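The two complexes that follow have subunit A in common; it is paired with subunit B in the first and with subunit C in the second.
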Partner chain A sequence: MTTRADSPAERRSWTSRVRERAEVALPPDKLLPDRQPEYVASWIYVFGVATIAALIFIVASGVVLTLEGPQWYHVSAVGHFVNSVHLWSVELFFVFMVVHLWGKFWMAAWRGRRVMTWITGVVSFLASIGAAFTGYLVQTNFDSQWISSEAKDGLNSVGIGAWFNVVNVGQMLLWHVVLLPLVVGAIVVWHVLLVRRHGVVPPLDAREETSP
Partner chain B sequence: MTTEQTRPAGSRSPLRQHSVAADDFAARPWPGAGREYDLVMEFVVAVLVVGALVVGLAAVFSSPDEKSLTVKAWAQATPNDFVATAASELAGTSVSESELGRPYNSTGGNQKLGPLGLQKAAGVRIPVDSVNDFVITPLSSLPATPELSAALASWKAAPAAQQQKWGGAYSDALASKAAGGNPAKVAAGDYGPVPVLTASLLAMAQGGGLQAVIQGEGGFYNTDYTKSVLFLADGTYLEDHAVAEHLGGDQWGMMNETQSYPGQSWMWLYSFWYQIEPFKSSPNADALVWGLMMILSLGLLLIPFLPGIRSLPRWIPIHRLIWRDYYRAHPRPQR
Partner chain C sequence: MGRADRLMAVGLDGKAHFISWGPFQISLANLLVIALIVVLFVLAIVLPFPKQRSRP
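Right, the complex of A and B next:
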């Protein structure tokens, strides 16, 4: 590595620059540490990882539903069960995420240059609401008929409905299974990397006297 | 942040100095004691526990799936409502024609967000012609009968003002006390071809043909249900079903789900504004609620920069509960 770094040509390459920046920002012991500050000892910390765990089940059950198509669960007992897993993982996802969000608020977790961590968390929350909403729109049942019929008025009132047509099932299906999962997934990854980079925010009022 | 770091410390208030010092401390690597923390094990356990919860809830409670309503079922279950809706389409007084506005047509009203007419500015991007899309075009696809052909020819030959006059007169007659919504009890009047058109549309819907024709107007492949949903929503059949399932707008319906399942409870704040004045009775309710929610969402995003709000965690010491073990081990120095 030292030899390569000494080569002027390689030092100028985009690849080496990206690698070096990544190594500085997130060295392995920061990316996957096996020790945490003493204050990382509360049930509140469980809700962040629980949110990610629920997201994994949302994606996994969603992939199975995608394999068979949006109407499979109406006619298949297995499909209906997978749909149930999808629903309940979404419900738990939001419960965990909201507790996590409130916890971070009361911890003032944006302190110490962690503002972007807070912002990416809020954006992922808002994007998740959009992803869940489009899921309700593509159920192809009475619920989706009614929700789309009501939601269109709100979106139309501010001009969004002209482009984001909630009664266009094809458009909503693609938003639900491609665009919004990509957005949520990318922001969640960014959020987690920021948490790892900046570490867990220390308690309010913690001071230098904490030093051993 | 750079500004804060370069500004002379003496120019800041003691409170601000304290805050900046605390923020700098929070930004640095933790100088105190540490503890073993197995992130991978925590993640695996979380996946297993959440997985067990999800599978258990799915197995025990399943999930709702009420069949979609059909135009055929609507016409069969509530033929009077169906005929009244068809007449309102011909009169140009249906919800889709006279209320919704953009992006479907320029005849309906458009909501405004203060001085901003965003709905109008969006234009007619998804054109819907209620009279023709929901009534005349479907009827024109039926096998010709002398009565229907004459009614269609009469309708198409009449000027728009006459068409609306016929439709309006028939709608009023249907709504009269004497008729009580029943087409068979409507008093004689100058309704032109409207009674024949609405009766033919009812027969077509009850036979199951109308829905396929309206949905098929977009071509062989059509995943856009705009016209089908708009037509269904013009009647009361859809809303009556929703209200019976506690899904109405004034029933917090946005966050409810069919039966007793949990719905989009995270939409509670959005639903809340529709329950109170001035939103509840405003003709611009949707735009106002959307505008307010956008501002509140932006506020949530920018909490770290909002004076007062960002200080709430210091003033209301819930953090002492969260970090109680740490505070117990590191009590505040006596002052």
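Right, the complex of A and C next:
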């Protein structure tokens, strides 16, 4: 049994091409490094991983809310708790992400072929705003009614209210629990892989790849 | 609602607090969150990071 593409015909298969490109772009020591440059030992570099930690809490509590449903999280004590974990992890997610964004902006983090890392970060920020917004719309309480009726006017005024109908609870629920989590999750994975590939951006006055 | 819930609950039925300055208006809650983020950002830059223990 062979495990590698040896013949030219095998080398043309898409699986071998993808594998070879992945091995070149992200060798194991780059994908899971155990050392980082000295300049990473700063609190400002902590907020990216803090954002991901908050995202894990958001997804985990969201899965529990999805399994149990509104009758559970509106009434029971445990449901209130999980609902609050979901809300507060979102609050922390955005606080950490904004500090991460400011830190990266002021160190011009798009330097050194990191433009796509910057762009995926921006897109994940925008998609997260959409995910949070649809979350407020599917609380199934008076707050969500108020937000949706106010947002309806705004979205109608820019011409997308008929397609993205914020008073359609079913549509907003599916965007919130399926579509936007997939988008945010995929972009965040892409963002992290790009950080692994190109390395953490050094401060403006530091030399790249300074070993500890 | 139990006693613990009543103690921990935040009253959301009252009038919201807004701060106005000319044409600008912001809720106190949003202003506090923005202030918290600014403070966190400044602390993240100025506070020293704990030194790693030297490996054997």
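Annotations for the structure displayed:
Operating definition for what follows: the second predicted complex is superposed on the first by the 196 of 212 C-alpha atoms of A that agree within 3 Å, B and C clash if a C-alpha of one lies under 4 Å from a C-alpha of the other, contacts with A are read in each partner's own complex, and residues count from 1 in each chain.
Please note the rule applied: a residue touches a chain if its C-beta (ideal position, glycine included) is under 8 Å from a C-beta of that chain, and two chains touch if they have at least 3 such contacts.
These figures come from a predicted structure and were not determined experimentally.
Applying the stated contact rule after C-alpha superposition, one finds that A:98 touches each of subunit B and subunit C. Residue by residue along subunit A, subunit B and subunit C are tallied for touches, and B comes out ahead. In the superposition on chain A, A:206 contacts subunit B only, with no contact to subunit C.
In the overlay built on the shared chain, the residue A:46 is in contact with subunit B and with subunit C.
By the touch criterion stated above, A:59 is placed in contact with neither subunit B nor subunit C. Of the two partner chains, neither subunit B nor subunit C is touched by A:195. In the superposition on chain A, A:179 contacts neither subunit B nor subunit C. When the shared chain is aligned, subunit C comes close enough to touch A:77, but subunit B does not. Taken together, the two structures place residues 41-42, 44, 46, 80, 91, 98, 103, 212 of subunit A in contact with subunit B in one case and with subunit C in the other. Considering their complex, residues 1, 22-40, 42-43, 46-47, 49-51, 53-55, 57-59, 61-69, 100-103, 111, 113, 118-119, 121-123, 125-126, 223-226, 229-230, 232-233, 238, 241-242, 247, 249, 253-254, 257-258, 261-262, 264-267, 284, 286-287, 289-291, 297, 300-301, 303-305, 310, 312-314, 316, 318-319, 322-327, 329-330, 332-333 of subunit B touch subunit A.
Subunit C makes touch with subunit A in their complex at residues 2, 5, 33, 36-37, 40-41, 43-45, 47, 49, 51-52. Those residues of subunit A whose C-beta lies close enough to touch subunit B in the complex are 32-42, 44, 46, 49-50, 52-54, 56-57, 73-74, 80-81, 83-89, 91-92, 94, 98, 103, 105-108, 110-115, 118-119, 122-123, 126, 129, 132-133, 136, 139-146, 148-150, 152-163, 165, 167-171, 173, 198-199, 201-212.
Subunit A contributes residues 41-44, 46-47, 77, 80, 91, 95, 98-99, 102-103, 212 to its touches with subunit C in the complex.
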